[in-house]
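By letter and in written order, the chains are A, B, C, D, E, F, G and H; residue numbering begins at 1 in each of them.
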Amino acid sequence: MTPDDLGRLIERLPFAQIDHLRPITQGHQEVIFCLGKTPGQVVAIAERLERATGSFLATRAEAAHRQALAHRFPRAEVSELGRTAYLAPDPEPAPTGRGTVLITTAGTSDLPVAEEAAVTARALGNRVERLTDVGVSGIHRILTQTDVLRSAAVIIVIAGMEGALPSVVGGLVKAPVIAVPTSVGYGASFGGLAPLLAMLNSCAAGVTVVNIDNGFGAAVAASRINHS
Amino acid sequence: MTPDDLGRLIERLPFAQIDHLRPITQGHQEVIFCLGKTPGQVVAIAERLERATGSFLATRAEAAHRQALAHRFPRAEVSELGRTAYLAPDPEPAPTGRGTVLITTAGTSDLPVAEEAAVTARALGNRVERLTDVGVSGIHRILTQTDVLRSAAVIIVIAGMEGALPSVVGGLVKAPVIAVPTSVGYGASFGGLAPLLAMLNSCAAGVTVVNIDNGFGAAVAASRINHS
Amino acid sequence: MTPDDLGRLIERLPFAQIDHLRPITQGHQEVIFCLGKTPGQVVAIAERLERATGSFLATRAEAAHRQALAHRFPRAEVSELGRTAYLAPDPEPAPTGRGTVLITTAGTSDLPVAEEAAVTARALGNRVERLTDVGVSGIHRILTQTDVLRSAAVIIVIAGMEGALPSVVGGLVKAPVIAVPTSVGYGASFGGLAPLLAMLNSCAAGVTVVNIDNGFGAAVAASRINHS
Amino acid sequence: MTPDDLGRLIERLPFAQIDHLRPITQGHQEVIFCLGKTPGQVVAIAERLERATGSFLATRAEAAHRQALAHRFPRAEVSELGRTAYLAPDPEPAPTGRGTVLITTAGTSDLPVAEEAAVTARALGNRVERLTDVGVSGIHRILTQTDVLRSAAVIIVIAGMEGALPSVVGGLVKAPVIAVPTSVGYGASFGGLAPLLAMLNSCAAGVTVVNIDNGFGAAVAASRINHS
Amino acid sequence: MTPDDLGRLIERLPFAQIDHLRPITQGHQEVIFCLGKTPGQVVAIAERLERATGSFLATRAEAAHRQALAHRFPRAEVSELGRTAYLAPDPEPAPTGRGTVLITTAGTSDLPVAEEAAVTARALGNRVERLTDVGVSGIHRILTQTDVLRSAAVIIVIAGMEGALPSVVGGLVKAPVIAVPTSVGYGASFGGLAPLLAMLNSCAAGVTVVNIDNGFGAAVAASRINHS
Amino acid sequence: MTPDDLGRLIERLPFAQIDHLRPITQGHQEVIFCLGKTPGQVVAIAERLERATGSFLATRAEAAHRQALAHRFPRAEVSELGRTAYLAPDPEPAPTGRGTVLITTAGTSDLPVAEEAAVTARALGNRVERLTDVGVSGIHRILTQTDVLRSAAVIIVIAGMEGALPSVVGGLVKAPVIAVPTSVGYGASFGGLAPLLAMLNSCAAGVTVVNIDNGFGAAVAASRINHS
Amino acid sequence: MTPDDLGRLIERLPFAQIDHLRPITQGHQEVIFCLGKTPGQVVAIAERLERATGSFLATRAEAAHRQALAHRFPRAEVSELGRTAYLAPDPEPAPTGRGTVLITTAGTSDLPVAEEAAVTARALGNRVERLTDVGVSGIHRILTQTDVLRSAAVIIVIAGMEGALPSVVGGLVKAPVIAVPTSVGYGASFGGLAPLLAMLNSCAAGVTVVNIDNGFGAAVAASRINHS
Amino acid sequence: MTPDDLGRLIERLPFAQIDHLRPITQGHQEVIFCLGKTPGQVVAIAERLERATGSFLATRAEAAHRQALAHRFPRAEVSELGRTAYLAPDPEPAPTGRGTVLITTAGTSDLPVAEEAAVTARALGNRVERLTDVGVSGIHRILTQTDVLRSAAVIIVIAGMEGALPSVVGGLVKAPVIAVPTSVGYGASFGGLAPLLAMLNSCAAGVTVVNIDNGFGAAVAASRINHS
């Protein structure tokens, strides 16, 4: 492509540049990260994406973002738990990924992050399964589920507190394991620093890590793997 | 397997338990992490692994570890740069991974971590290619290499300083990108904290991160992806 | 000047000392930093500055500060986005700086900091241009704008997340680059620590850094350069 | 006791005050912490303790401390691994604690801390057993040892890296579990901060924590429990 | 137990897995940690626990949690101070622990943590006593209470600010001492980091530490000791 | 004094122990630190102190504390700025300190801390003077005041931002200088960490430091010096 | 330029890519950062740069690097103090910058950083002057030098300890001020963190900051300003 | 004084400016801080100070500094323990301070910092006494010394580990208390951060703090108090 071609694929709004090259370079269109944007800006970006592809996904959508999007796009699916708004293509295509993305959580309090990951993984064309509340202090909860673990193509493991679950899961399977630390905890958790450091130091080789509470990023990584 | 079966697959030394279950559970045998072990302990573990499979890999091998291993296993390949010792199976089997693991470094000073990653990826059955010294301050160095980037199955991106390279690479490809921060830098690098935080906050979705200087972990994750 | 002369140029209020030496020493009068001051204190200081020079600039002005200033100085321009209140001299003089101050932002969420910088740069006598939402994960967005980048006398680069944009810009131009980390992000951003450290460790030589979210400071530095 | 009585139980050297009240208040005499003391000071304190009770224990004893103590007290047992010097009473009395103190380590590299704990626990009158190299990435290594775990009166769990082992052990037993983070690791371990934070955030209730590498403190706490 | 037996003891809700193995493995049933759970989820878990054993304990219960529990279980005892809800067995059995758990606080502001600890210790079958506002800056307040200190089987010491009290208490008694740092303080307390670090570095051997404000964890540890 | 005498000087409330020994040991009675106490607890403690000495001082008094105290003690002087409530003895005695305590602030935003210090210093019997808004970026503001600085017996220097003022003042006088960092600032101030570290590293020898925003502590230290 | 043109300007060594585009894009050729490179790698890069332009500059050159360069390029000027090796063009051209770069240091211990800055500034075509040991605790040392300060086009201010000097200098001049924190200090300096934070929070607007001990980066920024 | 007078009191060496104003402004001449200076620089500064006043004090003097000073000034008193070199005036004048500076240490390992403080306090004209190894874990060691504590004009309290001693001492006396945290400890001491934070959060009002291991600074502050 020439620089001019490139330039034409970037749509310039006063406050944003919509990058219509993404489907070519990264395999999927831009996702709207609502944090720090006004509801009006979010809707305007969603309109451009919907016009180009009939679909959009917005994450970190607070109540005002979600209301504005739901009002403008009545067909959009809005999740308060996961703080997402998703307008699926109509009709929604079958999953394109090779296998299943398994989303595993250590505790009930980690469910919002799991929801963000699940919506994202689905939007990117993946089949999603879940395993919930299987933290290591009751180790038999995960050990009685090794069949589920071993049938997944990629596993996202979400945990707050001491963040130990990815190390145990990483030792039980051959599949890639993506660890997501959460800000669940208090005191010396320091907003999720404790599980973040734990996961980065995992003794189970092959575990990779994303930012605290970043269910979105884990799902994109999982989808890249599931489509590779 | 019964608990007794499990027990028989664990070989107990006075200072270590060799876990011969790993090939079944994780897809490859244990790798020896030399840090904090005596050369004698390292050799003793290597002997058990060699006896079981004809091969071993040792990482974080300081001079004393490397000398002891080279003396006991003359056929082992020892790398001072990557601090590894690798005894390949004889004959060494062809790579089993689906595609190529591309190891990309931002600067010359990141080469030791790249070497650890390359040896590990090879030991785990992957074809390895490299792209060296393509940091973002001379952005055309990486941009003239997009073909190489796009032909890889998995990309490991190794960078110190501000750790920006994974964000640029992540935006140029569809493949999974594993970022490795290095301790290259000084002052406010705080031993690699700066690129670690940068990579965890990458605006390129789908980038996952491993510990500072952890070329080994990145390669294991890449191999899991390349074999999935 | 004698100590007595100096003393006469300092106007003492019960809660502040207005430093009328600043235009001589630093080239421009004091700017009112509203954080931690009451609206009444802010208005009182603004009155002294307006009396001395017919103009004032207030930054970090929260709603109560802005309302009090707008009420007392109806001609003042108030920006909610940039949290500024600016009373321009009447008539407003032409820019005195040598060239253009270019204000570049990585994402839409960085716009409040850009606004603070733009208002400040204008108040200090600079021509201002902008380049918005050109973060590195879609690298062609900035690469198609190198002409704009190269025509600026000074470039302010504002970025949250991993803070990589100044390194790319610094490698594309000869002009001074001032990097402003923002608190845009979450989790391991630690309130902007991640981009701050990244920018301090930039591999692009010649990048200097100001405090997190400090659009004001970046603009003052840019103005000093543009007037030197 | 009167203040004068108290005063008589404190033996004043120019550089230290030997506190002969400790057996009455805390149940055992002072232990010599060698860090930052000269070998001469350490020997002088050991002499006073030996004179009073026929025994002493020195921890954090570097080579120079160990040589000086071994030369002065040929009967003392010196451990290079655990950096301890112990002069047992002659004859050594039978253990006085109720049950067994089990010292568990996640990896081979944690053995120095385990040795310090073992020597200390023995010196304080406890029966000691060990379980070595049972980290969570090969979870069956610990699961096949639940009988050993459940027969202990107190369990000390020593782990570096992500520090996950105490959470798993804490979930398998009713006994008190004392977690010891170690500085084993690199990069984002930050000298043991990672396992320290993990252990403080353990989801297994009832786990308490001591300082990084503090095998001594864990053993004293275990002994207090075992004698209560 | 076979894996199937294990599986049957885990009750699967859509958002949680109730672990009915805990009384066997850890000696008491699960406690509900309300942080990050919805009131509905908390009530649903409480119902399963009540059905199984006639009792439950919920900690970190905010107003909404407490109201929902009080409405559903009118007999439950709700503490605003300690943020707990406790449904005692009816009739409540006599304490089963060997001795007394003494809960000591440095200042009045530490009382919420003490209350959480007291309710938990009682729920786990321990006799509880208290010593309040005996911080070290008025050292005679604790020194005139050494009889109370020495009669306890286990001592929980709760302190914010500089966290010095456990060191003084640890030097006065033979019993195990569990230190709880609190977030009481400001500035360089950094949310309780100051007393946390102080307690981890206590010069009084045998002091163990739990997370900041973790009265619950301290009580579980104390109960394990008191029942060992 | 016998232990019984000591015991009688401690007045035990259910939630606090009033230490009537303080005037003897520390030279002044207890001051009420309101943070974390209920208004009822604060009033109850104030009543005991007023009964014993006809006076009390409460710091960190939020609106609810201040209202409760003002209602119960109409004669008390309440400061919203300094968050204090002070019931002076009637009649208020003349200052007892040797000289003047000078309270110096770098900026207008530091005034709340200065107010807390001023009220405290007065309550402890000191003559107080002030120097306001003399930060180092307009260095002549402080240099034209060296006579005031040199006439003080003790100087309290309060500064946020970079906390440089104590170093300049410390170099201009012979008197003791107590530095108080404030949380005034944003971003890389990290809640006052920046001026705290700066003051601890002051190149002006003889500067000592108290906690962030701790005007109270600075005043007590100044009073001890002024009365020594 | 076409991608092929770009490609031809990048010289590929096995361990580095020499970027001959830099003179066009950034205004000067690459500088060799020796940290983490072998002496052989450094010499090889220097040879390519010398061949292209007759000149090179190497920074962070340890003894082995300096010896290798001095041996291969006898004409190179090697500085142990500044850890630099500079091969000037022959003949060395006159300075091309508009004015003078003034390098100011707070203390004698900051001289190594000043030397690195001075050599770099000269190599980039700037006239350099110095002001040494003018820290703020003896404020008249800098105040008697305001003429020197005001005659500079750009001022680099280098300081360790509390890093206050840039705030004072920034308030005395109109020129751009670049602050360099140094690792001079101990304890709560935390390797230069204290002055780094102080400088980022400077109350003197217009101060920008580079990494700890980064004399090189400050000089490149100053040169960009001096050539703009 | 005129600027010219000021200028004449500053003696300019190529690497330092000797500030002969200090006796007038701060009450004593400059002290040589050796860290980061060459032995030659230190000797050159010492010569100027000796010439002006017949005396000098050097702190943080490593072996090379001490040897150079001892060789050039045979009469100087050199302390390896305290890393000081002191050339007393001949004859040494009687102490000029009002009372005694008491230097108290928590443990034997704190003695080097105490030595630095003692030499400095003496050099500044103070009578010095010591109380050694009276840490809080054996609380009666300090309690039996309250007479000594109460007879001092100023108390310096030096402690590592948890840094609790200043809080206890501050509660026992009316005199000013200066707390010095030391780097004695390991692990979560983080180089003295633990006692530093503890001391800044002391519940004993009136305690002020200096940098970690800064015996010098504590002594200067004590001397200012003792001479005020």
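Here, a residue touches a chain if its C-beta (ideal position, glycine included) is under 8 Å from a C-beta of that chain, and two chains touch if they have at least 3 such contacts.
The structure presented is a predicted model; accordingly, all values stated were derived computationally and were not measured.
The fewest steps needed to get from chain D to chain H, moving only between touching chains, is 1. Its interface matching that of D-H in over half of the contact pairs by residue number, G-H stands out among G-H, C-G or D-E. Each chain gets a centre from the mean of its Cα atoms; the one farthest from the centre of chain G is E. Here B-G and A-D are compared, and the pair linked by more C-beta contacts is A-D.
Between chain G and chain H, the superposing rotation on Cα atoms measures out at 90°, rounded to the nearest 5.
Spacing of chain F relative to chain G, judged by their CA centroids, is 45 angstrom. Note on chain placement: the centre of chain B and the centre of chain F lie 56 Å apart, centres being C-alpha means. The mean-CA centres of chain A and chain F are about 50 angstrom from one another, to the nearest whole unit. Among the residues of chain G, those touching two or more other chains are numbered 25, 107, 138, 143, 160, 170-172, 185, 187-190, 193, 196, 200-202, 204-205, 211-212. Under the contact rule stated at the top, the pairs of chains that touch are A-B, A-C, A-D, A-E, B-C, B-D, B-G, C-F, C-G, D-E, D-H, E-F, E-H, F-G, F-H, G-H. Chain G contributes residues 106-107, 135-139, 143, 160-164, 167-168, 170-172, 185, 187-190, 193-195, 197-205 to its touches with chain F in the complex.
Those residues of chain F that touch chain H in the complex are listed here as 25-27, 31, 98-99, 153-154, 170-178, 196, 200-202, 205-212, 216-218, 220-221, 223-225, 227-228. Looking at the complex, you find that chain A touches chain E at residues 107-111, 132-134, 138, 140-141, 143-144, 160, 184-190.
Residues 3, 6-7, 10, 14-17, 19, 21-22, 25, 33, 35-37, 41, 60, 181, 183, 191-193, 196, 211-214 of chain F touch chain E in their complex.
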